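My questions all concern the structure below.
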Amino acid sequence: MLAKMLHTLFFFFFSLLLSSSHASVLDFCVADPKLPQGPAGYSCKKPAKVTVDDFVFTGLGMAANTSNIIKAAVTPAFDAQFPGVNGLGLSIARLDLAPGGVIPMHTHPGASELLLVVQGFIVAGFVDSSNAVYVKKLKKGDVMVFPQGLLHFQVNGGGIPAIAFPTFGSPNPGLQILDFALFANNLPSPLVEKTTFLDDAEVKKLKAVLGGTG
Amino acid sequence: MLAKMLHTLFFFFFSLLLSSSHASVLDFCVADPKLPQGPAGYSCKKPAKVTVDDFVFTGLGMAANTSNIIKAAVTPAFDAQFPGVNGLGLSIARLDLAPGGVIPMHTHPGASELLLVVQGFIVAGFVDSSNAVYVKKLKKGDVMVFPQGLLHFQVNGGGIPAIAFPTFGSPNPGLQILDFALFANNLPSPLVEKTTFLDDAEVKKLKAVLGGTG
Amino acid sequence: MLAKMLHTLFFFFFSLLLSSSHASVLDFCVADPKLPQGPAGYSCKKPAKVTVDDFVFTGLGMAANTSNIIKAAVTPAFDAQFPGVNGLGLSIARLDLAPGGVIPMHTHPGASELLLVVQGFIVAGFVDSSNAVYVKKLKKGDVMVFPQGLLHFQVNGGGIPAIAFPTFGSPNPGLQILDFALFANNLPSPLVEKTTFLDDAEVKKLKAVLGGTG
Amino acid sequence: MLAKMLHTLFFFFFSLLLSSSHASVLDFCVADPKLPQGPAGYSCKKPAKVTVDDFVFTGLGMAANTSNIIKAAVTPAFDAQFPGVNGLGLSIARLDLAPGGVIPMHTHPGASELLLVVQGFIVAGFVDSSNAVYVKKLKKGDVMVFPQGLLHFQVNGGGIPAIAFPTFGSPNPGLQILDFALFANNLPSPLVEKTTFLDDAEVKKLKAVLGGTG
Amino acid sequence: MLAKMLHTLFFFFFSLLLSSSHASVLDFCVADPKLPQGPAGYSCKKPAKVTVDDFVFTGLGMAANTSNIIKAAVTPAFDAQFPGVNGLGLSIARLDLAPGGVIPMHTHPGASELLLVVQGFIVAGFVDSSNAVYVKKLKKGDVMVFPQGLLHFQVNGGGIPAIAFPTFGSPNPGLQILDFALFANNLPSPLVEKTTFLDDAEVKKLKAVLGGTG
Amino acid sequence: MLAKMLHTLFFFFFSLLLSSSHASVLDFCVADPKLPQGPAGYSCKKPAKVTVDDFVFTGLGMAANTSNIIKAAVTPAFDAQFPGVNGLGLSIARLDLAPGGVIPMHTHPGASELLLVVQGFIVAGFVDSSNAVYVKKLKKGDVMVFPQGLLHFQVNGGGIPAIAFPTFGSPNPGLQILDFALFANNLPSPLVEKTTFLDDAEVKKLKAVLGGTG
């Protein structure tokens, strides 16, 4: 009886307020890839169509195939794969590093990274603007942070497969792998050589390896 | 004569510049609810269709009906009601608290709040992450600030109706009322009990009051 | 008995977590004016010395003296007066406008403003970058928003005293009153005249009124 | 010979530039807890004293003790424990949930959370501002994101110990556990009851359990 | 042979990762003026349609016509003219100041300005919120910074044409020229006079010059 | 007489307001290098000690010495050299490129760059996260924007000395020159080789040139 009365009265009282907050714009903005993107990210899916599955990503539980030349694999859960992170300033990926595996020197132009090792050993490092080097051998349970935009790398540091999860301070951190940026495109060899001081032979060999032209 | 000449020449001189700033994107972005929303808010209404009425909200002058169980009412002027605040990082609401009235324990997930009392007395308080309590009896002309995301409440602190105006550091601050979040939905009672340590009877009673199921 | 056991066990369990969150840096940063300031605001008072009074400002309840030439008064509650707003992106002030009173043309360089009228009538307006004018006569309970950095003004719009409360999206919004900026300092008259197209006589008269030199 | 010449000339060429970037302010700002804090975080340790160990945290590899009433434990690596994350907008923690374990209903006032499950099963959920519920049973390798400031919880969802790593979009996300905020302090019982609609008996029982007074 | 193998294996390894980063949302968001705008700027052009010409602006190399009453000209390269700067927080313009030329007193509501003089002499200045004046005669190669939202001006400070390039911390800094805001629109003369303390004759003369009404 | 009266009354009226804004914290925060730094920049110099010279930098007018191996020079005006830009999100530098000169491949970890060519010809380019190349030959008066964190370079594109001014969206953009990061420190050669796929001979040669060890 009291309950019914309370229920009725609450209904009246908060109806205006709730109708306004129904859109929940500030709570979250699940990406709708069919609508325009802006500098702050994807446009939002209509709240009525959002489900819990937009906030859950299930693809990081399995080992990726590391039977490749770098004996490593990266599986991203960025906004393009995981629409719930749009606008929330976070994303994640999985690294698999077989023995001898390496994630080559790279940067994330728009985000810092926090790497968690959950299996094996990883030698990780970064270089700062004053060219100081920060390298550490990480074991299971260790965490290392790589400040935004700086060159860094990870290599397997033991005889067993290593697994790690990098988290990023952006729903789409970007990724610029040094060798791909220099050698896997049509940037003319003379320009690469002039701006990196690398030998012509070295540049041409790596362009061939990575599919670059010019 | 001089005036005419000046006018003519100014016209030439600033025409390019003015045409570029005509869109006034940086000045404001009045919400157009028919266009997509993004993480930064609503898309902008065309500048040519913006009028002064987009920047004025007239619904906060009248007392709202407080003849309800909590003897209180909230009237929001957020971006959904007040399109001019979109993108400007501010919004406002009106609180009416009859004698004995209460705004229940709640949070604003995305904004700090600055409460101005303009009539009567209000006992207001918040709790911080270290569980410290900050409570004060406010009178007409007093202001209290509630830091972002923390649980807080307001109750009438006198025998007369109280009026206050909370301002928020976001055009849509969000609002999560504790009792509604726990009891006014289909969150299963066992989960509520397990995660709040409340009795089964208490949970079921409040679910009944607030229209929750499960 | 159960209560005691629960209490004991909770104590152990959360001790590390609580000790870390004890500093409550993210919850708030009450200004300590004796420590250095930075681009983001004042340094924080030690959490142990923070009290509820840091979050409450009591100076806005009384009418300020408007027996002056502009028949108006402004009482600020910015971070310098109200340390609790430091770092929270909000502040407030009180405007008293006697009949005939005026708050002269001005800007806030670092914040948008949301003006709430609580007594009387106020004619308020702003001008945007394309020189469009937005003017409205506001009555009790009306709200008007002034986008960041644009010239705006408020004048009493009735025969009775008016009171309003502007809220700002910054703990220190700044305030640049046009006449003070032009005439209340040592900016040489020739420079004022050249950059404003005002007459020499007008400039010198206003410099005399406002205490400017040069 | 060429190498020596190059070295010498590079030295001259970049000396001014390098001396300016030596401070590396923009690269990172490792927390120095002895200096003042501001709204943006801790003051920075002198670059010359920064080592790789400031960027590595080693405390998350071991299971924490879950022999307590909630059969759970939280181990934080926030800025207070992990000085390298200061200013970088990221932090991490470890959750251990024994069978039957629960992380009670809570919010992070200043950050979104991305939870990665690495062992066992966890039922996790959150409630948004429109009181909609989002609950999912997560398994090893699943990730769930909890938008900033919303109430959420995690409970063990299987018969085996579960381990998860929440990452946060802030170096100090804050943590407000609902029961602690309501019952583990001196917030007077009548105020708790009035603002939560809980029974007096329930409030007093939980205050006793959690060490609250009043 | 090795190169071919490497190429093949790299292709497999990074395909998932590259497909996700292909959209390059975080790298840049070139403005598409046909799509909606939001508080953070224009919507992004499809990455596949972006070319180097979106990142290059070629209109600042020629002197603009300064045969006008203020003997000056401004050529903007803001987001409306230069789509590549959208979302990147930067834009630029060119100032031409003939002998005797002047850029009248103005503000940029949403950005700080950094002015580089490349030819001639410029007397530049700004006034802060405490009405302090900062004026300096700048020569070729000098740089002056004008903090966001403050009134400032530039006048030719020598007998020869001056050229300068202001850069702004926003892709669309806005521009509010004082005389235009006061006199080049329909803001009624009595309101202008009341809020600026200028004489009626002065106001009417400048309104006539600048095309204002009322 | 009127003037004196006005002056007196203004003095009373605005005294409280002006005293509060006197600190001008929001207007600017000129760097004081002797006080602590935080994530948002340097602590602020006392407003009373700020002069116009804090906002003016005079070192960019002269050609720097390009008689070095890369036939180029960079002269920065970042916050360490130019205290007025602290907290304002902008800085500038000067590039001198003799015929044949090159600014090697590099990134700015924390800022986008807008390059203005004022003399000669420059071939400039950047590579994005999808490895697409954007290269353009720039002439006097051309502007090119380089999005944050991406690898880019500039080389003299003509037979005459070139001069350009890069502006950055940060008071300290950071600078990571690829060759310095890889070869001018103690990062062990095997790690460099493994993470870049460069030959041992190439790595050792460049380490010798640039002063690296290991």
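So that you can tell them apart, the chains are marked A, B, C, D, E and F in the order they are listed, and the count of residues begins at 1 in each.
Here, a contact is a pair of C-beta atoms (placed from the backbone, for glycine too) under 8 Å apart; a residue touches a chain by one contact, two chains touch by 3 or more.
Note that this is a predicted model, so its numbers are computed, not measured.
Asker: So which chains count as neighbours of both chain A and chain C?
Answerer: Touching chain A and chain C alike, sorted by label: B, D, E, F.
Asker: Fit chain A onto chain E over the CA trace and report the rotation angle, somewhere between 0 and 180 degrees, nearest 5.
Answerer: 120
Asker: Looking at where chain A touches chain D, is over half of the residue numbers used by both copies, so same, or under half, so different?
Answerer: On the two sides of the chain D and chain A interface, the residue numbers are mostly the same, over half being shared.
Asker: Of the pairs C-D, A-F or A-D, which one shares over half of its contact pairs with D-F?
Answerer: It is C-D that reproduces the contact pattern of D-F.
Asker: Return the chain pair with more inter-chain C-beta contacts, choosing between C-F and A-F.
Answerer: Per the contact counts, A-F leads.
Asker: Taking the mean of the C-alpha atoms as each chain's centre, how many Å separate chain B from chain D?
Answerer: 27
Asker: Round to the nearest whole Å and give the separation of the Cα centres of chain B and chain F.
Answerer: Between these chains, centre-to-centre, one finds 40 Å.
Asker: Which chain C residues sit where two or more other chains touch them?
Answerer: Correct list: 21, 24, 26-27, 36, 38-42, 109-110, 125, 128-129, 131-132, 135, 147-148, 150, 174-175, 180, 184, 209.
Asker: Pick one for the touching-chains graph, please: line, ring, star, complete, other.
Answerer: Basically it's none of the tidy shapes, so other.
Asker: Among all the chains shown, which pairs meet the touch rule set out at the top?
Answerer: Per the contact definition above, the touching pairs are A-B, A-D, A-E, A-F, B-C, B-D, B-E, C-D, C-E, C-F, D-F, E-F.
Asker: Which positions of chain D touch chain A when the two form their complex?
Answerer: Contacts found on chain D: 18, 21-22, 24, 26-28, 47, 51-53, 55-62, 77, 82, 84-85, 88-92, 94, 112-114, 116, 118, 125-126, 128-130, 132, 134-136, 138-148, 150, 165, 167-169.
Asker: Sort out for me which residues of chain D touch chain B in the complex.
Answerer: 102-105, 107-110, 123, 125, 127-129, 131-133, 135, 147-151, 153, 155, 174-176, 178-182, 184-187, 191, 194-199, 202, 206, 209
Asker: So in the complex, which bits of chain D are touching chain F?
Answerer: 2-3, 5-7, 9-14, 16-17, 20-21, 23-27, 29, 32, 35-36, 38-44, 86-87
Asker: Could you list, by residue number, the parts of chain C that touch chain F in their complex?
Answerer: 36-42, 65, 68-70, 72-76, 78-81, 109-111, 170, 172-175, 177, 180, 184, 205, 208-211
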